[in-house]
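In what comes next, chain A is part of two complexes: it sits with chain B in the first one and with chain C in the second one.
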Partner chain A sequence: RIMPVRWSRYNPSYLEPEVKKESYQKPLEELTEEERQQRELKAVRPIKAAPATLSSSVFSDPMISKFTNMMMKSGNKVLARSLMSQTLEAIKRKQLEKYHRAPENEKETIECNPYVIFHQALKNCQPIIGLSNITKGGKTYQVPVPLTDNRKRFLAMKWLITECRDHKHRRTMMPEKLSQELLLAFNNEGPVIKRKHVLHKMAEANRAYAHFRWW
Partner chain B sequence: AKHTEQHEGRLYNIPLEEVKAVFPHGLPQRFQQQIQTFNEARVMVRKPALELLAYLRGSNFTHPAVRYVIYGERGTGKTMTLCHVVHYCSRQGWLVLHVPDAHLWVKNCKELLQSSYNKDRLDQPLQASVWLKNFKTSNERFLQEIKTQKKYMWGKRESTEEGRPLGEVVEQGLARVRSASDAVGVVLREVKQQSHRGSFRLLVAVDGVNALWGRTTLRKEDKSPVSPEELTLVHNLRKMVRNNWSGGAIVTTLSQTGSLFKPSSAYTPQELLGKEGFDALDPFVPIPVPNYSPREFESCYGYYLERKWLQHEKAHTEDGKAELQFLSGSNPRQLDRLAGPL
Partner chain C sequence: MAAPVYPAWVTRWVSGQWRNKKRPPTLRPPRTLALADKVASRREQPTEAKCITEMSVMMACWKQNDFNDTPCAEEIRMFYDCLAKAQKEHKNQNEDTLSSRGNLPSSKVNKLLKRFPQITRYV
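So, the complex of A and B:
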């Protein structure tokens, strides 16, 4: 039985684990004073257990792991990760086929890297301003409110996943649906971008209530 | 490529028309996707394949057919070596009997008919007709040249006379799906008898040969399990694999992935064939297929880079390469799966 350690309360003297290979390969001369103190502290103090999602591989990406966690259902990370890798492969295949069929002058404009496409699509889907319910004098108003970066990323990923799960044909596979959505979002088309624009329009329409916000 | 290579680790190109003609049904799924994405079929030349080709070139065709069994761990390229050999032989002009996966004949069959030819046996019309169609596309010219030597009756009214080309038998099997497995049996028997004379060489290439001697997942209508001898297709194939004919070679592959009721760590001929199979195949030449050597790994990595399959920025660095080698353990299948999302 695996006992959960990470979410238990650690003594404040425990330090976070350091995963990056490069930080251990620096010779002593290049370190500044603070870094040398950090090193000595690490030699003495106990260190927290590293979470299973943290990896020292060069190929790991925090956004991708966040997305896989959001796609995961009932703790089935194996399935979520395989779906994610199949999605990336599907995107790569589609783009490569387009690339090989395109004439010479268009070849440079076609982006084949699935990671670049993923990040750009997420950026295109992030809303700039959000709405929140504020109750004043018995009535609830939808007030336009600025969003933090984390909230923006979360909303973009959530919209992508719900779009794929709900509005597509039942028999299509998730990697296919996701790759289609990501490619559309990359080109600023598709239903997720539309949802973002609808939100922006609502916020613009409710501009009058903006002064209800007190933060 | 003219196949006189002593270059190990290089990749050679097969023109796409030949691929469609020679391999209507033989290539693994991932490889077919790869052909579609890159618009070319590139097969790596490896030591086991070179060994096999050397043996085939030097073999004496008046002796009984020699049996070669390709074995190895999961995902090391056994099916690809078989396809390499099949392509070589078809280039040389041999008649190729390629069975893509014998496990498909032994599980997941929707229709089982009682055979009209022999009361005990069971027919499989679907699989037989699919195989006949693919056989037709791969060996067009032989179907005109080979003539039948006996009269065959299909049911009460149709019969094939002596001296008719084999193409007619194949047409008959495709048209009358009920007697398709009998048509397959006829084709195999004719081809075996006529390879003695030496007008053509015969290559029997069977992938997943351990299916012929294991158990099946099929059941008869009274829910009793079917053993492989009761299937006409399997029976005929076993007769082909026995080496009582001359003028060709038999190349087979063991496969654990499709095998039924065998543990996943089994890869040697002894374990996978079982006692029956091992005795039946007994004097054979075993050909082990190992994982990629460092040179082969580098050539594969270079090919992916050149074809822009590895798109991740870090994949181009030394660290990335070392990591790929470590994670895949130089296993071709793992490397392929890892390089997919990267």
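So, the complex of A and C:
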């Protein structure tokens, strides 16, 4: 069992933990002034406990962890992580099959790295502007509004997961459906990209209300 | 000759108001004649939305290219640049300088006035 060690409220003097190995392997001469000051500060100040999801391994990816957390139901992280690894494996298998079937000249164009496919698919799914409800004069209007990076990533992941959960056959497994959706999104096709386009179309239709924004 | 215009003191004298020893009105102010340390709170006018031109250019590009992102990459990049610039400007602006319309919001005016209050009595 994992016992939570990280508190939820720390004194402001506590610093964040530095997990990357590369930052500690740099020799002293290469550090800039502020990095040296940071090192000296770290020698004196207390440091917060690292969260359980933070890892220093080369295989950990913050986007993949965020996606697994969103897929998780009722705290079953074991199941969510296994589903994620099965998805990546399924993507790799499909791409390898395509690679071995393709003629020689097309072999370079096929991307086999599942992490690259995942990141590119997420980037293709992110909307650029969203709609927000603004009440003016008693009526609520849908106003096109720029979104923050966090919100874009969240929407892309949420759309992927809801699409895989709702629109599939009862007997298809989640990794299979997810790998299918990710490969379609990688090629800018599929229902998630269509949902993004629908949102852009609605924003474009309401572009007259863009002046209602005040930020 | 048109109706003769007399100076104001003549009309007042002739009207006979001073014959009854009418005194000028004594001042009975309900409140002390001193400036208050507060300003009435005013509804701040909302600032204008930024980056609307970039957004409209991007939307026009979308309409032409069937909402694909790859042909519109340049417009999207310009939109993102404009957003980053607007956010940086918002972070860097000093809160105590005048706003773009040349007014200070009433809360800041009240803070300043509190630092230098009106002295109504000497102790």
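Keep in mind that, in the parts below, the second predicted complex is superposed on the first by the 208 of 215 C-alpha atoms of A that agree within 3 Å, B and C clash if a C-alpha of one lies under 4 Å from a C-alpha of the other, contacts with A are read in each partner's own complex, and residues count from 1 in each chain.
The rule we apply is simple: contacts are C-beta pairs under 8 Å (C-beta built on N, C-alpha and C of every residue); 3 or more make two chains touch, one makes a residue touch a chain.
Every value quoted in this text rests on a predicted model; they were computed, and no experiment measured them.
By the document's definition of touching, neither partner reaches A:24: not chain B, not chain C. In the overlay built on the shared chain, the residue A:93 is in contact with chain B alone; chain C does not reach it.
Once the two complexes are laid over each other on the shared chain, residue contacts for A:59 go to chain B alone; chain C is not touched. By the touch criterion defined above, A:112 lies against chain B but remains apart from chain C after alignment on the C-alpha atoms of chain A.
Shared interface residues of chain A (contacting chain B in one complex, chain C in the other): none. On the chain A side of its complex with chain C, the touching residues are 124, 128-129, 144, 146, 188, 197, 200-201, 203-204, 207, 210-215. Of all residues in chain A, those touching chain B in their complex are 57-59, 84-86, 88-89, 92-93, 96-97, 99-100, 112-115.
Here chain B touches chain A in the complex through residues 33, 36-39, 308-309, 311-315, 317, 319-320, 323, 340-342, going by the rule given at the top.
Contact residues of chain C toward chain A in the complex are 46-49, 51-52, 55-56, 58-59, 62-63, 67-70, 76, 79, 83.
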